[in-house]
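After this come two complexes, each holding chain A, first together with chain B and then together with chain C.
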Partner chain A sequence: MKRSQIVDWATAIYEDLDFSTVHAWLDEAPGRKAAAYLPVYAPREIIHACGMLPVGIHGTGGIEIIRGDAFYQSYICHLPRSVVELAQSGRLDMLSAVLFPSTCDVIRNLSGMWQVMYPDMYVRYLDLPQVADPKLGAEFWKRELNVVRRDLGEVSGIEATEDRLRASVALYNEVRSVIRELYTARRETPWRVPSEELYLLLRAGEVVAPEFFMEQARAYLGVIEQCDDRIKDRTRVLIAGAFCEQPPLGLIKTIERAGCYIVDDDFLAGNRFMIGDVPDAEDPAAAMAETFVTGAIKTSVLYEPDPAGKRNLMKTRAAAAGADGVIFAAPSFCDPALLDRPMLREGAEAAGIPCIAFKYAENSGQFQQFREQAGTFADSIKLWGDA
Partner chain B sequence: MSDQNRAAQKDNSMVIQKEMIAAHYERLERAPETKEPVVYTFVPGNLTELIRSFGCLPVLPEINALQSGMRGKSRDYIAEAEKHGHSEDVCTYVKCDIGMVLAGNIGPTGTKLPKPDLLLLSYTGCYTFMKWFELLREQYDCPCVFLHVPYQGDGVIEPEHREYMIKQLRDEVIPALEKVSGRKYDEEALRERLQLSAEAEDDLVWVLQSAKNKPSPIDAYFGAVYYVGPIFSSFRGTEEGVAYYKALRREVQERLDAGLGPVAPGGPVTDEKYRLVVEGPPNWTHFREFWQMFADEGAVVVASTYSKVGGTYDFGFRHDPDDPLGTLGDYCGGCYTNINLPGRIDMLCNYLKEYEADGFLINSVKSCNSFSAGQLMILREVEKRTGLPGGFIESDLVDPRYFSAANIKNRLESYIQMVDARRQRGAVA
Partner chain C sequence: MSTTITTTTTAGIDVGSGAVKAVVMSFDGDSETVLAKVSSRIRKRDIGDVVDQVFAQAVAEAGVQGIHYVGTTGEGEDIPFATGHFYGMTTHARGALFLNPKATAVLDAGALHARAVAMDARGKVLNYKMTSQCASGSGQFLENIARYLGVSQAEIGGLSLQADDPEKVSGICAVLAETDVINMVSRGISTANILRGIHESMAGRFVRLLRSLEFGDVVFMSGGLAGDEGLVKSLEDEFAGLKSLTGPPPKIATHEDSIFAGALGAAIWGNFRFHKLGLDEIAWEASA
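Our next item is the complex of A and B:
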């Protein structure tokens, strides 16, 4: 397969707000059902084990919002209005269930709006475990997982038996592993893996069956192996804060074209929420819960029990990625990203890591200002680096 | 009773409250010498009885922020926080508090606030709480204990969630309090305090429900923020708290007997023309002006959701001394912002009916996603279910830049016209 074929495939899915791939999957066999989730993290293994297609809902990008704005005041971020737009325009009618993780109060409240507006759809607010004690957290989370497992099984008519769930866990371990490979490849050879392509691929992975995503992702890994593009003189940056409302594709392109290589990011962070694999265990829900409480990434949507955790996070991540600078890119009005930013930035700057910050909305259409900021940033790092 | 006597009566509970608060802040100022440990916590899900049972003193940063707003200090505090990199987009309570800390931590009554010995992060109904205390932990370099209160996503406190809270209280919160206070957990002392809480809660509910009378003797939004002050802040489970609510109840009873309405900043509301229900927190920077706009229209708020933010008591919950940790879990889980949107809609519909209101208004504050996200849907849904008119006002809690008096007045007047039109249509039909 050629690189352009894979990228075109992913781009077509990214741009398709009618979710044709989901419809196609549903039409493939009678009685199939799909369950969606909002950012950031949802246990896709459970959805899959119940025989359903997990569908990530990440907003609409730049399309005109006609109905969604009537639901939100101007000072609330863009994501929920575009999600409501999708729903109100009937584009989510094919869903049988939606999971709302405890990312922030906007998504939390959207779960209640959904209950009122779509009473026939299964809705569950997923309270992620926040406590520092792993035993208590795992016990709580295991129970939550089992509630969703039971309920989705009822919705789909397919019980997520231990065997089925174990198989789904194994499958998603593979998905995670492929994604880790992709991220490693970009980190090590960013000139071969433009972030725009990586992003499109992952975005497609949010709405197609995991097996199919892995085929494409592995093909892409094969293609980049063969790529003989040369390294360019660019600055390696980490993009922090864009974990929920997604940046427009143009912004990702702009940052790289302004002289940066993105070597780590928060885009679609749910994909990489669990750092390692979930072990194969007799009780797969318990294994998922334990892996979550002991091995989740450090993120704004979870409590940080380590007092030095926030201060050290950017330093640790920049070092791991070999990043020379941090770009804090947060959606406007995003509580988790913007409340965390002063702590993260202070820690980064104290460690001597250059930083800049800006805000975007998923429908931002003008990139000139971002280009200038990112370009100046990249240049100044190169200058300091040479000094 | 003469007007003068009435004013004196009205002032009585206010005076008591003022004295209680002043004494509390003075005690806090002396805490570094008296060695009384200081525990910072939040209004929703505050565990005041437990904190006090360890001889610790509670500090509620939200109260400090709102007081700073009322005293005209929040603008500068917010500016200070923004200068230090805090975004203009986030909750202004947080920025007001951080700004106050950066400016020397002089509390609203002019006394210096002590540093916390412990941050008790009761994660109840608001995401921002988590960040707020992570931020304060950076400022104070002190321990922080986390209590995860599951949200009522399905409209109930699930039994497993209750158990989860009890375990956290037993295994995390109590040991943390034992450590900072040097005292052992004393369940008897906690029970006694919970008993006091229940007594005060009975009186508070009676006061709030007095608004079912016509005319209402109280304003259940603007007036209620004073009434809930002691119970939402540091005085639940205290003798002073009980005494305050007894005095308040007596006062309201007298007003009721005399057929009097509430007293707004510009004087008594003598002609209750409109009975309204309000959803959302008030603006604090122009609180009196805001209230007076309602009073000028003859509008009295007969029920509000904001007055349930530190505890929802009017549907029967009382702290139960026989189940000390379970009841604390129930309390936390039942705070207003921990209730899902369908529950909030039901509550508003219930208030409109029970309090025989003419309509409802939403004051949507820019700061608060917990309250504000979804309010436009709440507006439509409550209108649909009750057939009563709803209005929408926008302001902020403590950022004066977002209070436009002309705009709000305009919206309020248009809303009142809508209520009139609805009444006329009703009369014709």
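Our next item is the complex of A and C:
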């Protein structure tokens, strides 16, 4: 397969606001159902084990918001507006269930609105464990997972037995492994893996069957292995804060064109939420809960028990990625990202890591100011920094 | 890291909105030599083709077989054979210092916009300001007006200097300014006075840009408009006429290679990066 074929495939899915791939999957066999989830993290294994297609709803900057604005005040981020717009325009009618993780108040309120607007649809607000005691957190999360498992099984008519769930866990371990490979490839050879392409691929992976995503992702890994593009003299940056409302593709492209290589990011963070694999265990839900509590990434949407944890985070991540600087790019009005930013930035700067910060919305269309900021940032590091 | 190579050859390519400029430079210790410089208007041609042609010509004129670092600037981010890209204000600041070591600020006035950059003696950008999106302070606007008046670009500066009673032109909007000019022509205002009026309007905008920065005695003008002596004179007069200025007005410096400032900066920074990264390979070869 050619690189352009894979990228075109992913681009077409990214631009398709009618979720044709989901419809196609549902049409392949009678009785199939799809369950969606909002950012940041949802247990896709549970959805899959119930025989349903997990569908990531990450908003869009690609539609005019009319109905969505009627639901929200001006100081609320853009994501729920576009999600409401997608739903109210009938584009999400094919869903049988939607999971709303405890990312922030806005997502929680959206789950309430959903219950009112779509009383026939299964809606669940997922309280992620936010306690310091891992034992308590794992027990709580296991129970929550089992509730969702039972409920979705009733919606789909397919019980997520231990065997089915174990198989789904194994499958998503593979998905996580492929995504880790992609991120490793970009970190080690960023000139071969433009972040725009990586993002498109991962975004497509949110709305297709995991098996199909892995096929495409592995083909992409094979293609970039053959790529003989030469490394360019660019500044390696980490993009922090873009974990929920996604940046427009143009912004990702602009940052790299301006002279940066993105070597780590928070985009679609839910698909890398667990650092390692979930072990094969007799009780797969317990194993998922245990892995989540002990092996989730450090993020603004999870409780951080260590007071120094946030201040050290950027230093640790930048060192792991070999990043020369950090760009804090958060959606406007994103409470989790923007409330954490001062602590994260303070820690990064105390460690001597150059930083800049800006805000975006998923429908931002003008990138000149981002280009200027990223371009001058890259130059300042290349010419006056240690890189 | 350190490279064993002491003599390097680098290229700088500045892709502007109106023209592509390329230079090839040689570096040996403290010696910096310009081996070739070529510029070409883009007009309606494919930018990639213009870049290829200008670069090939510059390399041929320089008579080199290999280049250690190809630095790009301006809109040149996507040039496939580039080693690295530098932002415009970074390269213009460095290029200005190369052409005039006394420069403390640079006014880069090009086809679509202008920007003022304050820098230190090493070329480090300290602050900058850009014109807004309006085209009334741009070279493209001046070129359009010249076309309406039936004047070639080369004649604009000289004619402007002959003005005896400049006519005021809108300094805010290119559309209004063009309307002003049509009215002036119908009122029989001389071409020299119209052009000087436009220069004064542009100079007013540029001085406001510069005054938002802190800088020393010498402002270097780069970009395509730097060769317009009428505009340079208007800038000097605008500064001289400022009542709020506490010291003497800054000197407006230009150079016959002002238009190459960005490309020169890219080539010089390219050499800096080559050594900083400890590279030891040729980035571009004539035979490749």
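By our rule, the second predicted complex is superposed on the first by the 384 of 387 C-alpha atoms of A that agree within 3 Å, B and C clash if a C-alpha of one lies under 4 Å from a C-alpha of the other, contacts with A are read in each partner's own complex, and residues count from 1 in each chain.
Heads up, the rule we're going with is that a residue touches a chain if its C-beta (ideal position, glycine included) is under 8 Å from a C-beta of that chain, and two chains touch if they have at least 3 such contacts.
None of the values given here were measured: they were computed from a predicted structure.
Overlaying the two complexes via chain A leaves chain B and chain C side by side, clear of any clash. Remark: in the superposition on chain A the angle formed at chain A by the CA centres of chain B and chain C amounts to 100 degrees, rounded in steps of 10. In the superposed pair of complexes, A:Ala258 makes contact with chain C only, with no contact to chain B. Look at A:Val131: by the touch rule set out above, it reaches chain B but stays clear of chain C.
More residues of chain A lie in contact with B than with the other chain of the pair chain B and chain C. Once the two complexes are overlaid on the shared chain, A:Met117 sits against chain B while remaining clear of chain C. In the superposition on chain A, A:Lys232 contacts chain C only, with no contact to chain B. In the superposition on chain A, A:Lys310 makes contact with chain B only, not with chain C. In the superposition on chain A, contact of A:Ala209 is made with neither chain B nor chain C.
Superposition on chain A places chain B within reach of chain C only down to 20 Å, the least C-alpha distance between them. Of all residues in chain C, those touching chain A in their complex are 69, 77-78, 82-90, 124-125, 269, 272-273, 276-277. The part of chain A that touches chain B in the complex is made up of residues 70-73, 75-76, 80, 100, 102, 104-106, 108-113, 115-117, 124-125, 127, 129-133, 136, 139-140, 143, 300, 303-305, 307, 310-311, 330, 332-336, 338-343, 345-346, 359.
Interface of chain B with chain A (complex): residues 84-87, 89-91, 94, 121, 123, 126-128, 130-132, 134-135, 137-138, 141, 144, 146, 148, 150-151, 153-154, 160, 164, 167-168, 171-172, 340-345, 364, 366, 369-370, 372-377, 381, 394. Residues 232-234, 257-259, 372, 375-376, 378-380, 382-384 of chain A touch chain C in their complex.
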